[in-house]
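Order of writing sets the chain letters: A, B and C. Residues in each chain are counted from 1.
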Amino acid sequence: MDLTVRGAVKRFGAVTALAGVDLDVAEGELLTILGPSGSGKTTLLKVVAGFEVPDEGSVQLGSVDVTLAPPRARDVGMVFQNYALFPHLTVAQNVAFPLEMRRVPKAERQSRVAEALALVELSGYEARLPRQLSGGQQQRVALARSIVFNPRLLLLDEPFGALDRKLREAMQLEVRRLQRRLKLTTLFITHDQEEALILSDRIAVMNAGRLEQVGTPSEVYARPATRFVADFVGESNLFDGIAGPDATAEVPGLGRLFLAAQAGTPGARVTLLLRPEALRIGGAADPLANRAAGQVVETVFLGLSVKLRIQPEGGPELLVRLPLRPSEPPPALEGEIVTVGFAPEDVHVIRQA
Amino acid sequence: MSSARREAGLLPARPDPARARERVLVGLALPALLLLGVVFVWPLLRLLSMSVADGSLAQFEKATLDELYVAVLWDSMEIAALVTVICLALAYPVAAWLVQAGRIGFLLGMFFLLLPFWTSVLVRTYAWMVLLGRNGVVNRTLRDWGWIEFPLPLLHNLTGVLIGIVHVMLPYMVFPIYAALLRIDPDLQRAAEGLGAPAWRSFLRIILPLSLPGVFAGCALVFVITLGFFITPALLGGGHVMMIAMLIEQQVREFLDWPFAAALATVLLAATLVIYAALSRLTGGQGHAAR
Amino acid sequence: MTSIRMTRRAALAAGLGAAALPAPAFAQSAPAKPDRIVVNASGGAMANLFRRTYNAEFERRHGIRVVDTSPVDFGKLRAMVESGNVEWTVTELGGQDFVRAKQMNLLEPLDLSILDLSRYPEAVRDTHVFPSSVYSTVLAYRTDVFRDGNHPKGWAEFWDVRRFPGPRSLRNHPVDNLEFALLADGVPMDKLYPIDIDRALRKLTEIRPHVSVWWTTGQQPAQLLVDREVVLASGWNGRFYELAQRGAPVAVEWQGGSAKQNAFGIPRGTRHAHWANQFLQVMTEPRLQAVYATELAYPGLHPDTPNFVTDAVKPHLPTTPANLEKQFWLGVDWWTENGQRAQEAWNRWMLRR
């Protein structure tokens, strides 16, 4: 393991920012800490970077315990939310800074700076000052500066927040490519679940100072471990119900649902997750084991898909997402009564603690 | 649609909000500018005209060539420079501390910094005389502790003058530096540390250059204001320190020789401007970049 | 021209007063009473004493309030008179300024039909300047350092650092000091003027290493003696008198003292010249002068004043005959003529290291 965090606890007065975090990041892996603001992800980042010392627990880089080491002794490259470029230094001087601090000889420094700038496609910008660059360019400089000294670990603290959507997507892919190419062990912090799903090898979902689940994007999306993860990552239909016999569950308002496997001892309380794209309506719903009739309350056109809110009588509202081809008419109109159905395999059961 | 039509001149021009805002701001600044014109620029012009009132440059000749006035002007500059350097050395750490101090620490620091402004110059100066004299509090204490055998010459010499002036001038140095440090993104310090800089190197390479505009503003303020001191050097210098403002005051109050006083003041002003320009050229590039 | 305009304005003011408020027949000779007059003098202890003596008496006699302002400022007097906006009814004239004030035509002539100076010594009577009191710059010493009458008696002995060792203080100003130096150098009191500036400065060079403080304000020499910063000092007799009254071990040697008069005048163009003269008339009152002398040791010049002073106070007054014969009168005319030249020479000498 390249980064190992064990039992990290950090309190600020009465507030517990980290309530015992264990985390392993493998060499060359990009792991994303995903969580809402206030979940403790920034504190975790600071503990890893060395800006905060945990009250309990340890941080290890490779085989070295760095829990108490100052930031400069950790060999960690970090890209800050606002890039934190030194405004009075040129692009080249910014990128050369970590090499200068490591007393790399001047000639080598120059060639490595040129190399790093070439990697982020900013050759020729050496003499500019940060304020003469666009936001995306500034971000590339920050990236070049944090990788030029071949750090053990790269930390990215919500680096795309300030960019507009198109630029953000381009930068995300660029960072991903660069990270793969250089095999950089990377810890990425974001509150944007979409970004996390696109970029990560693995995602650690954080809530209230704890990691709720660590897994690949598809695991986290398809098989969330907790209700919080299910709700925070992607769109979802979540029902509370009671496990029944023979792979069924009883949900108030929806009746008995058929599941792919036994949800638990009959009578246990369970939460059922149904992703919107797993639902079908009309004829497509007929062969499915679970069906209900409901009224279309709202349709939202999304280009590649259409989102419907369907209200079964006496039951919970259902969110449905259907693929859409440009030539096709809308699958249902608002006010229409339709059949809505889903397969037992598409119901994910979250056991309640 | 409507914007295209407006560009084509089909719609009446709407007032540009940015321009309107600028006009309001200028309007708001106008009273202050007028006041400055009346209480500063106008007297300055009168001062200049007074110094050449007899149609000759004789007053200037005396003010710039007479070795007495040249020597005192030079001494004054030296003292002002010394005060500036001492203030800088003392003020920078104070400003750096204030930036990261908590609420209580900040208020306490402000209180002590502003304390000299709440007392009159005479009271303040006499207080220093009580403290610094041969039998003053400082010397008595040091003698009681056995640190010294003979009283240190702290008063009625340059040391006393420097102490007295630095005391009042310190806030003028602290506040601009404090403001400059406050403007620096704390992430820059973290970034520097994270990239491998020990504290002293991140200070020298990042924080210090970025705070230079504040340092320069503080130095300029302290230097210029110090040049105008006359009560403090007269009392704490015991007659052994002469500053140009003391001579100007003598000409104004005692001999009513306003033309010569005006010439001296003009020379002082010119010398100050030259030094100011030189200083700002020296640090100007850095200051602008750090804006 | 100006004086005509002034009289016209005064007449106008009087006329307006008369029109607005028909004057009773018995007050015909005195102009209308203003509700107040402004007396400008040195502030501090002197202002308090003024309020208790002259101001109170004037208010009692005439029913006009006296407002006191400070400080004494020759430049302001000149500016007031020249701008025609005279705020002061009566003002003190500092140092030797009264000669110049008269020369520069800044003063109203005294109205000797109101102000009775007939019993004042001929030598101090003037057409424009009222001699309010006498003070003297004298030699003061610490009585615990120089005991049993074994103190410097005159300036020659002040200069004798072998017989009378210890740090000294003199005023940072040529007035008095040039005279003291000449006396120390053996010039008789009646041959001081015209002053040989070079000779005086040469003599001052001898004592210079032993002068640790060149004082600026009148309070300084007294404080320096009390704090033992110096053991000998020149200074104004009233300040040392005050110390002695408080029991400080400080006494005065009258030999070689430099006596001079304090002066009051009426700024030209003042609105209430009549009441200004009335105020000065109150200041001639021997009883009040005696109170003033007893408190500050600055006696007025009315010949009857000593009759109202106790014998304990008399040795402390510069005008007591035994004291007066040891002192010289400062050559005000010489200083008016040569002050700026002497000051410049003094500055040059001070600057020489």
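As a convention for this text, contacts are C-beta pairs under 8 Å (C-beta built on N, C-alpha and C of every residue); 3 or more make two chains touch, one makes a residue touch a chain.
Quick caveat, the model's predicted, so the values are computed rather than measured.
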Geometric centre: closest chain by C-alpha means
B
Outermost chain relative to subunit A, judged by CA means, is C
Determine the centre-to-centre distance between subunit A and subunit C, using the mean Cα coordinates as centres, and give it in whole Å.
89
Centre distance in Å when subunit A and subunit B are each reduced to the mean of their C-alpha atoms
53
Using CA atom averages as chain centres, what separation in Å is found between subunit B and subunit C?
39
Of all the residues in subunit B, which ones touch at least 2 other chains?
none
Interface residues, subunit B side, partner subunit A - complex:
185, 187-188, 190-198, 201, 205-206, 209-210, 286, 289-290
In the complex, subunit C touches subunit B at residues 73-75, 78, 100, 172, 211-217, 220, 223, 227-229, 339-340, 343-344, 347-348, 350-351
Contacts from subunit B onto subunit C in the complex sit at residues 68, 71-72, 126, 129-130, 133-136, 155-156, 234-235, 238-240, 242, 247, 250, 252-257
If you look only at subunit A, which of its residues touch subunit B in the complex?
49-51, 70-72, 74-78, 80-82, 84, 86-88, 97-98, 100-102, 129, 145-146, 149
